[in-house]
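For reference, the structures are reproduced in the following blocks.
Consider the two complexes below, in which chain A is the common component and chain B and chain C are the respective partners.
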Partner chain A sequence: MSTAPEPVAGARTGLAGLLVVPATLFVALGLLGPIAILFRYSLNQFIPGQFMVDGLTIENYVKFFTDAYYLNVLLRTVRVAVVCTIVCLIMGFPLAYVLARTQSRFKNLLIISVILPLFVGNAVRAAGWMTAFGSKGALNASLMGIGLIDQPLEIMFTETAVVIGIIAVNLPFMVLTLQSVIEGIPRNVEEAAFSLGAGPSAMFRRVLWPLALPGVLAGTILTFILAMNAYATPVLLGGPKFQTMGPLVYGQFAQQNNWPFGGAIAFILMTATILLTVAAHLIVQRRYR
Partner chain B sequence: MSASSRPSLGRIALNGAAGIALVYILLPLIFVTWLAFFRQEIPSFPPEGYSVKWFAAAANNQPFINGFLLSLQVAVAATLIGLVIGVPASLALVRHRIVLGPMFNTLLLLPLVMPGIVLGTALYVFQIETEIATGLPVMGSLGGLIMAHALVVIPWVVRLVTASLVGFDRTIEEAAQNLGAGPFTTFRRVTLPSIRPGLVAAALFGFVTSFGNLEMSLFLVGPGRTTLPIAILQYLEWKIDPTVAAASLIQIVLIAVAMIVTDRYVKLSRVV
Partner chain C sequence: MARLSLEHLRKTYGDTTVVDDVAINIADGEFLVLLGPSGCGKTTTLRMVAGFIAPTAGGITIGERSVTTLPPWKRNCGLVFQSYALFPHMTVAENVAFGLEMRKIAPADRAPRVAEALRLVQLAGFDERYPRQLSGGQQQRVALARALAMEPDVLLLDEPLSNLDAKLRQEVRVEIRDLQRKLGLTTIMVTHDQEEALTMADRLVVMEKGKVRQIGTQRELYEKPADRFVAGFIGRSAFLDGEITAPSRFRTRGGVEIGCAAATGSGAATLALRPERIAVGGEAEALPNRFQARVEHASYLGAILDIDVSLSEHDRMLLQIPNKAGVAEPKPGETITIGWAEDAGLVYPREA
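On to the complex of A and B.
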């Protein structure tokens, strides 16, 4: 039966290609469908007391972009995301490089300790920072203990706390993305640069960085998206007064029951994330090609 | 002497910078671990003493237990669904020239980069519309939650299984078929064993992604039905104390054990 490979293979190709259909249908239905409905909702009207009223209006979007409060939330979210992404890149690169190049037999243990916090969840990690940042927390207690300050620092419920928290959440993503790309760069090219007289900084600038650029881009995009859309970290470390886009969307749905406006904010968040990502992509491509 | 000490100085700086980043990543977990063993309830440093009584408190906290059981149930179901429909899709994508193949691939990876908050709101309104259209109690249901989690498991399965299939030598399969194995036997006896590392990694990452999912699940849990991450978040919005730290530490240890066990079969540094 299967001694004639040609027709068998041919027959399998036609059928086997269909194996992609269930997953594709599932994702299309479960992702694109809901997003289309969400967009449709964002064009509806919200009349207090009457809930959602069918309509075709852009008033939810107008409301967002004409209200200084909401614009400030968007601006704050972008600012936090940009700072976090830049710090992640600067802090992540050395660690990624060391992990990629190490010959240590503890390499797997090191990788696990980078992945583990990722798996533990954002709320748990925020809990760790909450322990540190309180007025009698580890940070203030140790700073006051060594006499650097005599009043506890107000870190909890500030932008600084949120930035510190989000960097810790996103750093593993950056490190793992960079590490896999650096591992694919042959060591020889670095040694070639050195033997041709380049110092470490020239080697980094002229050889390593350009070759690692795809990873830099992928890692930057990933961490930026995550930072823009953070929820648990701003809620727990920023407190109720520190609004960013993620909690704002949730609040509109869960507390205000204003689905059209919540839908509009979700769409603005998604669009802003995509636009800034594409812009960064274009700038990097223009500079380095 | 100075020529040989200069690069090693750079080495030290590099390792130092890497060490700082690693400590920074681990610092929140270290604080949580520390707090879990405090004797007093208030998280003030330095602690008055140490105790393990909070682990009993965490293990008797009903929201945490219920959340843990629900998260476990959802993660197992979502991972199974993700594997059952994700693995065939990966096979088809790698093995066959499908019209618009790259587009399918992008679509299947999309839930991974889709922000959890946006995905959660979108699925929430989708469930509303489905409930209106069919009259079935979809909103806040266990089935709805599992399906949503399967959606975020699929990209991991597709990504990790396609990666392990790309380097696979197809002539081995042809050899099996020449020796008389049917397509199913070939798959079970040849293909499956050789992509096992990818499958194990996909199962682990899918499971953990689902288990830890917070943002999307916020919109999809029903009354009296809360996953563990949400239970922890709600507790933390109220207060931070050693009980929640102990519950977190139990979770950290379970995940660490799962990772170390998985690492014995599949080197995690190769699959991430």
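On to the complex of A and C.
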């Protein structure tokens, strides 16, 4: 418990440094490069008919922040991401706890069944939801068939549909992250709390939650980032009426051919994601350290 | 503090019986040790007392209170684990105060009790440290202080010393024992370490395969083991298989005739002899049971020599000779004279 981890083999010979080179290069070239180019583009001018004109202007950013439509899209995206993350945490924690603590010999099977949804691509799954939620879809047909409702429920192309869709995609990430952290918390520690007079809720509040906090942070960051940047789910389940940031970026690039404004939106999305993540992280850390 | 009784406890998982009809009464302030090989049900028994395992049948009473159906947090059992199980995100003082906090004791009243508990385990001044900053022995003392601070009715120790190195184990052993006496704590400790059990217990319970084999003091267990298992488990014994041919007459499988006062009844039996009751060389000359034994194997263990001898082709037994000055170490193949008195051995019916 108190022993320091062994240094990575070969650390002294510089081999360890060599081992991180491929991944570092890949990230640098594959991610930072395009981001830098994108940022440069976002400062260019867009003149209809002329595509992109080299320049150094912040007018794309001004356009975004002065237009209520775009601000609404950003706000909506953040709201959806926050709701999805909170729901994932509330639903995911109990499931992750059970998975971490079960002695069942079917444990691996249970974990695979959590991962299983990830085998189906986002687009395929969202298409499935469409057939389920549509006004003539399976859900409405069943509910109307058994006489619970007269009019079909309007689920498709609403915030509800998008939230449900994103939760379904993100839940496995939350569960797996939490499960691995909870598994690292010895069962004895919980038992010690019980024997000292802590009931289940006191044990959770004073022992399990604080010890699981690194996993909670990692899980919420992961699901929040995924929800902020969701593309296929909002496009297919939100439709043109329910815009979020991901599809908006794509639209500017692919449909409007407005690369500078697309670049600006992409940058705003990235910055908002990072800022909110860091802010949440700091608040939680201050509260529990 | 309170007395504790385990009333015919039983635990089965499917067809497997892990704890079988365990009935023990523990007096107020008594230090009882559950001793047995791994898988004997001792830990399951302890966990039933703590409330983590529900017994299939039977009951548990602490003082006048039946706790059989109470959850662990209502039992007031102080529990110390082999792995310490300290809360890593809390300081030493917060760990020790946890039980008091759960009992809604005001922070101002907690402080003196935490200080007292830490003083008892000689860790005064460690309040603000975190568990990871302490050695294994110190962590185990914090765990003990944490259990003591809430003034438990019963103290439960689950192999508390097994993770400590040998020297530290002896120290902490004495400390726990002194503390337990001083505070008059009713205590149950589980261990598979015989020496630990013998040095700490008021009374011992030897368990095997879920059953209580014998309950008694160290002397009772050593001198009057109830069965062959206890005779082999507590201290060492030399065993000779054979049969009872007549009252006080025992014949080994290899046909060696032995006079033994404990041989009564008839049929297949095992003779158990404590090594220190067996005389070697000149001291054996005057004894009624006197044999020429062939040395098969000798091990030098410092204070004593372990010697494996055969009385006949089918009878091998263990001797222990004190390593005194001038005693030559017997060599394999040599023949030595060994002997013992007629009242030396105990005879048990052969177990199937």
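FYI, the second predicted complex is superposed on the first by the 267 of 289 C-alpha atoms of A that agree within 3 Å, B and C clash if a C-alpha of one lies under 4 Å from a C-alpha of the other, contacts with A are read in each partner's own complex, and residues count from 1 in each chain.
Here, contacts are C-beta pairs under 8 Å (C-beta built on N, C-alpha and C of every residue); 3 or more make two chains touch, one makes a residue touch a chain.
Please read these numbers as outputs of a predicted model, since none were measured by experiment.
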Give one word, clash or fit, describing how chain B and chain C relate on chain A after superposing.
-> fit
Have a look at where A:Pro48 lands relative to chain B and chain C in the superposition and call it first, second, both or neither.
-> neither
State whether A:Leu176 touches chain B only (first), chain C only (second), both chains, or neither.
-> first
Dominant toucher of chain A (residue count), chain B or chain C | B
Spatial angle chain C-chain A-chain B, Cα centroids [nearest 10 degrees] = 80
Which holds for A:Gly147: it touches chain B only (first), chain C only (second), both, or neither?
-> neither
Is A:Thr24 contacted by the first partner chain B, the second partner chain C, both or neither?
-> first
Quick one: classify A:Pro210 as touching chain B (first), chain C (second), both or neither.
-> second
Between chain B (first) and chain C (second), which, if any, makes contact with A:Leu196: first, second, both or neither?
-> second
Would you give the minimum C-alpha distance from chain B to chain C, in Å, for the three-chain superposition?
-> 5
Of the residues on chain A, which ones does chain B touch that chain C also touches?
-> 1-2
Complex contact set, residues of chain A against chain B = 1-3, 5, 8, 12-13, 16-20, 22-24, 26-28, 30-35, 37-38, 41, 91-92, 94-95, 97-99, 107-108, 110-117, 119-132, 134, 136-138, 140-142, 165, 167-168, 171-172, 175-176, 179-180, 200, 222, 225, 228-229, 231-232, 235-236, 245-246, 249-250, 253-254, 259, 262-263, 266-267, 269-270, 273
Within the complex, chain A is touched by chain C residues 50-52, 71-79, 81, 83, 85-89, 98-99, 101-103, 132-136, 143, 146-147, 150, 156
If you look only at chain A, which of its residues touch chain C in the complex?
-> 1-2, 186, 188-189, 191-199, 202, 206-207, 210-211
So in the complex, which bits of chain B are touching chain A?
-> 7, 10, 14-15, 17-18, 20-22, 24-32, 34-35, 42-46, 85-86, 88-89, 91-93, 95-96, 98, 101, 104, 107-108, 110-111, 113-119, 121-126, 129, 147-148, 150-151, 154, 158, 174, 177-178, 180-183, 208, 212, 214-215, 218-219, 229, 232-233, 236-237, 240, 244-245, 248, 251-252, 255-256, 259-260, 263, 267-269, 272
